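Input: structures, listed below.
Look at the two complexes coming up: chain A is in both, with chain B in one and chain C in the other.
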Partner chain A sequence: MISTLAWRNIWRSPTRSWVIIGAIMLGIWALVFMLSFTVGMVQSYVDNSIENGIGHLQVHNADYRQEAKVQYYFSTDVLPLAQWKTDERLQGVAVRTLVQAMAGSSRATRGVVIKGVDPLGESQATPLSRQIVEGEYLDANKKNCLIISKTLAGKLKVKLRSKIVLTFQDLEGHITAGAFRIVGIFDTGNKAIDEGNVFVNRLDINALLGNSAMAHEVSFLLKDITTLPAMKAALTAQLPELAVEDYKEVAPDLQLYEGQIQTSANIFMVIIMLALLFGIINTMLMAVLERYRELGMLMAVGMNKARVFGMILIETLLLAMIALIPGLLLGWGTVAWLSTTGIDLSAFSGGLSQFGMSTVVYPKLQAALYLQFAMAVCLTAILGAIYPAWKAIRLKPVEAMRKI
Partner chain B sequence: MNVITTSGLSRVYNPDTIPVYALKEVDLAITAGEFTAIVGPSGSGKTTLLNIIGGLDKPSNGQVIVGGTDIGALTDNQLIQFRRDHIGFVFQAYNLIPVLTAMENVEFVMLLQNQPVQLRAARAKELLASVGLADQANKRPSEMSGGQQQRVAVARALASKPSFVLADEPTANLDAASTTQLLDIMAQLNEEEGITFVFSTHDQRVISRAKRVVTLEDGQIVRDEIR
Partner chain C sequence: MLGGIFGATNGGLSSVASIAFAVFFAVFMQSIQRGAWDHMLDNVVNFYYGYVQVQSKDYFDNPSIDEAMTWNEQIESSMGANPEIQGVAPRLESFALASTGDETTGVLVVGTRPAPESALTHLEERLVAGKYWDGEDDTGALVAVGVAEKIGLQLGDTLILISQGYRGANAAGKYAVKGLLKFGSPDLNKQMVYLTFPTASWFFATEGVATSAAIQIKDKTDEPTVTQWLQTQLDTTAYAVIPWQEMIPDLVEAKMLDAAGNNLVLAVLYLIISFGVFGTILMMTRERQYEFGVLMGIGMQRWQLGWMVWMEIIFLGLLGVAMGMLLSFPLVYYFQQNPFDLSAMGQEAVATYEKFGMEPILPAALDADIFLQQAVIVFWVTTLLAVYPYLKIRKLAPVSAMRS
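Moving on, here comes the complex of A and B:
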């Protein structure tokens, strides 16, 4: 009956109760939305980084990771390429030769990284072949062809079929150069990638460097990220002389971003729960002060302090529960809807693409965070009930009722 | 057998500045089955006396023994439990729980005593019938007249099978017909079931029905008349 009493007490002042229920619902919805948006942004950044070249795993000469010198290569003869082709866990394997170079047209020069790639492997491991907006993708059978981004082409003032001269140091440290013809122009949407890289056939650049069987990097794109630890272990065993790293080791910023999700969740939760806490305290304090005389009577006829405290606590928890379930459902529904339609931020796409993010963000939220929110709301309700309940049990029946 | 015994009972407000004596050396013994009215002018100490006997207030000096227990020696929580099990209260302003029905209001004290649901329901029905409100069991206080609410309050006061019932001006807010009806019920419960009633009142109609009238003036008993 105490629960019945608590339930009916809530509806003594329906407007006041609905206001706080609405506030809690809105708070939960805002929390779910804000965090799912943040997760979506972070995930977009991480996914883009992985898909646009980093991959899930990378292999390098250990020295190359310390200093990206062209001499720190490894021989492709040690790579079990045939075995990887049949590995069910792998989406694609990209073998790359990487060279710092100056790209010069007849009208401008820019510092770039030449990525010498195997066209087929690169197209399986990255979306590069699908990002060609003009011309065609690299052809393994055509010599000295090059693809360049639309942005960099603009800066170098070149177009399709223009010639570009790439100047760099070979393995001996001698300056060497090669002329390449632009066969395709791509647009990844990621300014860092677009402005800093040109792609050529790996065998062409290897020939200029002076070693046809060399590479600096192998990037692996997995079909399922859950296979990453096992794949990493397998590669480490296969290539004991080389450094095998996952994407978090290759790009620590990705780990930092992923780690920010829980931190963001905690910060959002604390801010919103603090706001709700004061709302709950205010509502429950009003409810207690309005019923001061009645609470005095309840204690006069034998309701002990623990039960009075419990009744106020139950009232507060019921208010929170009424708001919690629809609030979470509303938040979940919003996330479910937006995770398929996405939020189009094309108005800010310039800024976003500079940070390697997509212009459409797909909010998402792990189920565990919904549970955390539910627990946070319950905890807030309990904290919010403490002061009003303490106030209630401190009253003296005779003073509360003035007289029996 | 004495249900209530007070000895040397005093209650002083502002003892350190300008002392105001609400009660002075009150010695009173009430035996089981009495139907006692505490009367006196406003400010004579009637309510203070009832508050102290009911364990809602503490005396400055003296002792209150209820059923052999010195209630002044009990802690707050023990006192709450003592009131629940031994004292029935009827308040001037009815003080029912507005969100509960008549039946639930009567059951409430038994719930606090952790009595089983079926026992509570049966006794609540029986008590409501005894105050003539069997057909009002499912109504909330706001749907009942003042007289009906006060009868529910009497039923609630009896629910825990208390040693006695304290009623502070129970008829003050009632019309003549409701007053008569309430007094009839209380008198009947006193005569037939031997329930001890102690009530404060100004109302001559109530005083005329009392078997014992204790008159207070300036915090002291000036007359104690047994009829």
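Moving on, here comes the complex of A and C:
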């Protein structure tokens, strides 16, 4: 009976009810949209980092992770490469030799990291071979070839077929240098990767360093991220001497970012719910104040305080529910639509690539968060109803009925 | 007049509160956002680039020492003619390999004049150990702590630099570490090595040239006029005058992107608040039909009535703005004086900020225009909402209104 009363009360002042319903709907939609956008951004950052070289798992000499010294290598003889090749779970395995060096052209010099890679493995584990914009990808059979990013090529004033001299310390600590010819120019769209790295054949750089069977890093790209824990355990068993880490350990910021999603969800939620709270209190207070006389009458004929309180509460909850369902549906629809078309942010491409994000963001949102928003709206409605309901039960029936 | 909006309902008060909340929140968020970015930009701009730089025309696209510009006392003193220009620090910079014993790393060697550099970027205050140069002839090197840590340098140790000098000359030299510098920006911390200008000229085998000159100006808002003045002073076929926005376009864009995200949140917040305020206006208009009828009956014009209601609503809005400002001012002031220290959030947070070249400190900016902006927004929102009662008043039939 109380719910019927509450329902009818809502429609006694339809315009006012629609205004608050509209506000709640808008709030929910905005919440879903903003958060799905954040999730999409974070996901693009995490995916980019994983794809562009970090991979899902990495293997290093344990000392190398403490300090990236060229001497902290491991022998590639311990790697069961043939076994990995047939492993169904692996998309690609990239074995790398990493050296800090100075890259000098005839015109300029820059500090870079040389990534000595196996062309085939690298192309399976990262999109590098597909990011060539000019010339061609590394060829395992060609000696001393190098690929460089468009950005770095511009800074060094070099072109395709130009020669670059790489100067670095070999394993003994002697300064050594090698001349490499540019066979390809790539563009990953990630500023940090583009500005700081050049890629060469691993065997070429190993020869200069003085050990043909060395590497500093193996990076694994999985077909399915759910196999990560099992794969990590298997690798740890296979390579007891080496440090096996997943992407969250390699790049702790990725973990922080993934954790950040919940934090931003909470912050957005609190802001919007607070804004809605004012509107709800306002509306319900008006609803109570204009019904003073009627409420007095109801109480005089024997409706007890708990029921009056309950009626106001249910009225508020119903208002929130009417807004909640279409609001969530609208938000869900928007996310579903944008998750296929994406939001084009190329106007900010420089700023995005600075942070290693792609220019098209595909919003998405975990189902659990929708539920969380629904609960937050209900909680807000209850909080918003308390003051008006308290105001209602405090009235004295006789005095209230005397009011105009 | 005020009786109107506060008398009939409690809605007025709750609207004021909701506007106050929106303003409070908007001011706080904008202040933190602007403060954090300004702090970061200041770190890179004010402490290194300077707000304006003079370079040779080709140096910007091709930052090689070979593109250095002719630089002498005469050019420098001619710039002193502009009272806005506080100081000029000519620099000679290029990348080099720095090593000590067995350790090597890539660094940016900067040759600069001790006195103007210190006046300009407060280099001397960045010393955490050792001493500043005694004069131009001092051959000691000032090394950033990140570089020192990486290659295990101590105060008094010998630093070996190897690079490519001017027009193909070989550059190599030994320098005693005279002081250690600590920068706010992690990027600078990891790569800076300072020499005096004459020492660097000797190292790079240059004479009478500089790669850039950082111009310090009294007030950063005067940057456009100083840039213009310099362009008229210098031979623009040989020199380029570059304002800071052009030197770090990606950061400027990233700031814009962040601001765009914040503006979206604020837009949603204000929209929801507007719904609440609209609800109040709706009720107020309905409750006062009788009063409006009477006022028109005794001879008030429709436009006068509309004007009165508009004033009431604007007053309501501005009261909310004032309250919001009063509440946010102490908080913003507090965080301007005592910035948020994110290192309390743990090592991962610090590492993440470092990765993006930021110091993990968030100060608030205390700027009058942020406060003013909210007042302007609320003014326009309430003006827009005041259209509704005006439309009602236009159609009001005095006699039937008084009968209702």
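Here is the rule we use: the second predicted complex is superposed on the first by the 402 of 404 C-alpha atoms of A that agree within 3 Å, B and C clash if a C-alpha of one lies under 4 Å from a C-alpha of the other, contacts with A are read in each partner's own complex, and residues count from 1 in each chain.
Note that in this section a residue touches a chain if its C-beta (ideal position, glycine included) is under 8 Å from a C-beta of that chain, and two chains touch if they have at least 3 such contacts.
Treat the numbers as computed from the prediction; the structure is a model and nothing was measured.
With chain A as the common reference, the superposed partners chain B and chain C fit together side by side. With both structures placed on the common chain, the touch criterion links A:Thr86 to neither chain B nor chain C.
Once the two complexes are laid over each other on the shared chain, residue contacts for A:Thr340 go to neither chain B nor chain C.
In the superposition on chain A, A:Val398 contacts chain B only, with no contact to chain C. Comparing chain B with chain C, the partner in contact with more residues of chain A is C.
Of the two partner chains, chain B is the only one touched by A:Leu5; chain C is not. With both structures placed on the common chain, the touch criterion links A:Pro252 to chain C but leaves chain B unconnected. Angle at chain A (Cα centre) between the Cα centres of chain B and chain C in the superposed arrangement: 90°, in steps of 10.
Contacts of A:Asn141 after superposition on the shared chain: neither chain B nor chain C is touched. Once the two complexes are laid over each other on the shared chain, residue contacts for A:Val19 go to chain C alone; chain B is not touched.
The overlay of the two complexes leaves chain B and chain C separated by a minimum Cα distance of 15 Å. If you check the complex, the residues on chain B that touch chain A are 47, 50-51, 54, 56-57, 76-77, 80-81, 83-85, 89, 91-92, 95, 97-100, 104, 107-109, 111-113, 156, 160, 166, 168. For chain A in complex with chain C, the residues that touch the partner chain are 15-16, 19-20, 22-23, 26-27, 30, 34, 69, 100-102, 104, 106-112, 154-155, 157, 167-169, 173, 175, 191, 252-253, 255-257, 268, 271-272, 274-276, 278-279, 281-283, 285-286, 289, 345, 348-355.
For chain C in complex with chain A, the touching residues are 9-11, 14-15, 17-18, 21-22, 25, 61-66, 94-97, 99, 102-107, 162-164, 168, 191, 249-257, 260, 264-265, 268-269, 271-273, 275-276, 278-280, 282-283, 347-349, 351-352, 355-356. Chain A meets chain B in the complex at residues 1-2, 4-5, 8-9, 11-12, 293-294, 297-305, 307, 397-398, 401, 403-404.
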